[in-house]
């Protein structure tokens, strides 16, 4: 099983998350590319730590919206989105390259992540960007999303992610954050669930029923105060059970 | 002789220069990278036209200053500048790559261009960026600048530029824009002078004396209304004299 | 009748429109506030010219989106939008004040203009901003829009605008720009139509039928090459007919 | 004695400082205006808390440099700086006004603060902005700075600040941060020193000699983890000694 987290989300004077600690835990780093978060120095340091730890680097591309942290949908033209995504991937690649690493996948961020679950033009625009980048980049995202489906149709490798700390409905969708119990907070419960995901065993949905979630990677959160504690608990549990996390991209 | 011009300096709704026309004339395109000008769509179109015309693509990197068009010195830390430059080169590379082209040199823009004539820390920071980019990028700039000297010491290929329409002092420096006759405006006079540069013949300094200017490339301006007319006159004169411009980078 | 146009849409190196010429023609200036266009220097000069010509100043507020020129819908929270609008109005007020003028109305720009025709939360958020600004600012916008309706309910003065150069359907809505004949281009035809609007006479819809358009102001475009010519033709026609334009706000 | 601190330095997702806690302690709030930090929502909340606590609001204007947090000198033209400062003051005023408060002074931030100690053109440009704002705004800054001297010459009220936690040379300048002992960290020592400042008694310079520092306000830092603890200790000491802090602006 792969463990991924959003990293390099600091910006200038503003610090967010503990990149160095998380990069000792995860196997895939979704590195912000400067449009919603991440400045070149922050990005480069994350890449350096990722390279040191053997963590795969993904481009966490987003809308050009620092103030909104990329969490607000922007109704932009597909061709413009394609170019904005290419720009971000290339920028990250240069900084990764200076640290002897390279970009190996793309995971869109925030409102763009949500949009391309179902917004065909934007999903297609992001796929187009990844495809035209020319190297063999993979796509990471929500199982069943248009983003992954169109990426697959275009010949890209695709990886599906599950969420370590989000409650699932019996139908396999996420319980909205506005509802109670939408987010799991107990590190041990989260770790136990991640072990089930790693073993391809069913997990418990919010109503107590069993749910099968096919996932290639588990998304851990990186920007909460407890992020490192939870991530560490998950990794320790997987390692203890003999299922040491490995980068999805190297399988 | 190589002819270079600043291109891709439009941004969103704002158009500046006639990229497509100039890319039929010059042999090296200094493509803005989004920090002082140039959005991803503008950049990509410039790269597409450059690729079509066989024009070499250079990264016109600058300070992060859209409002000031990169023309205001920013007293930033060298390590930050290195990362900012890498970010811009990579972003451009991705867009060039999508059009089947690649970045082959770096020419800093505006206040950064001026700063690294003599500002050692910033000159060194830009050289560091180009060097750590990993591919064999060349450096284009002012003859005698620290930027070119440090680039050379670091093992980079360097190219010196002369200015088609700027008056020179007898000592070989540019007449400041604040003085009368600092800028030549007659297309035929400019073309005649460029031919002399192309033939490695001395040109006339502002006081009428002869001046030797060793140059690998001639910088044409791209953002004035007369830019295309002048550039066309220069090219036509060179071609007519049997010195058809060729990209410096391919020599 | 009032004549309004969007002004101060240059930004740094990038020039757009001929503010000084248009400010000799219009009676209300929708001054960009820096979020989608307009830098403080451009804004201040527009205010100085407006003050000199006795033109009323309106805040042309928009989404924080320079690259998209405010023409892309941003799905932002209403409370954030309220604060963003207040910020823009205040910024403009300070620059107007330095030229002895003041802001007297608000006309949202681009995608925000379109959104608040029907998007209740955003329309309400903009009204809230104008109301909480504390001075007696008016609202200018599309007849029948939620923006004007909610503004009126909140006790603001409201003004309706017609478009000088846009074709109308028989139902009184604008013919989409994607359709043929959506935009009128003949200055004399536009001027004749504006005179009918000024006299509260029906105009001709796209199908030739008569259409009554109740308007307090006519919107002239400011950013096309022909903008000044058309605006001048409209004003000359109105003046010649004895209906000299006057600022809506002073009625 | 007045106590001032920099506030509203969060931006979107990124939180910095505990504005609400500090606004229960200080008497003057230097509110960031969005150029180096502070978004409209953050600014408005700071203004609301300031209004509730009777804290005076100052415009903490800075260079347009989010990434550098306004800490990098930008070599901009004076006229542009004047307009940039006006823009920021007005933006803040609108948000303060929506909370029933108003801007009463200006304290430049970061690199601009440092520049206008001695950079005549920029100091004059900021004074020009404050003067042309039209209301009776005061100037807060470093004793002996050009900023305060030119402001006074222009007829503005001026206030001098001392630093609660910075070591002073025997000559009365600040010990550079690069030197050891440049910053005091013990809350009680800082509080004791602030009481001496409040009583207009000499304080101890870094070499142990006595130093007279004439100050109208003491600057407390707002963005360190210990900021609130130190600020609280200072206030408590002043109150216990019968020198309850009051806003400088109301004297």
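The chains carry the letters A, B, C and D, assigned in the order they are written, with residues numbered from 1 in each.
The criterion applied here is as follows: a residue touches a chain if its C-beta (ideal position, glycine included) is under 8 Å from a C-beta of that chain, and two chains touch if they have at least 3 such contacts.
Just so it is clear, the structure is predicted and the values come from calculations on it, not from any experiment.
A.B. asks: Both chain A and chain D are touched by which chains?
C.D. replies: Touches both chain A and chain D: B, C.
A.B. asks: Comparing C-D against B-C, which pair counts more contacting C-beta pairs?
C.D. replies: Between B-C and C-D, the larger count of C-beta pairs in contact belongs to C-D.
A.B. asks: For chain C and chain D, what's the span in angstrom between their mean Cα positions?
C.D. replies: Between these chains, centre-to-centre, one finds 39 Å.
A.B. asks: Return the distance between the CA-based centres of chain A and chain C, expressed in whole Å.
C.D. replies: The mean C-alpha positions of chain A and chain C differ by 43 Å.
A.B. asks: What are the residue numbers in chain A that touch two or more other chains?
C.D. replies: Those would be 39, 67-68.
A.B. asks: Would you tell me which residues of chain C are touching chain A in their complex?
C.D. replies: It is residues 64-65, 67-68, 72-76, 111 of chain C that touch chain A.
A.B. asks: Give the list of chain B residues in touch with chain C in this complex.
C.D. replies: 9-16, 37, 39, 66-69, 71
A.B. asks: If you look only at chain A, which of its residues touch chain B in the complex?
C.D. replies: 34, 39-41, 43-44, 79-80, 83-84, 86-95, 97-98, 132-134
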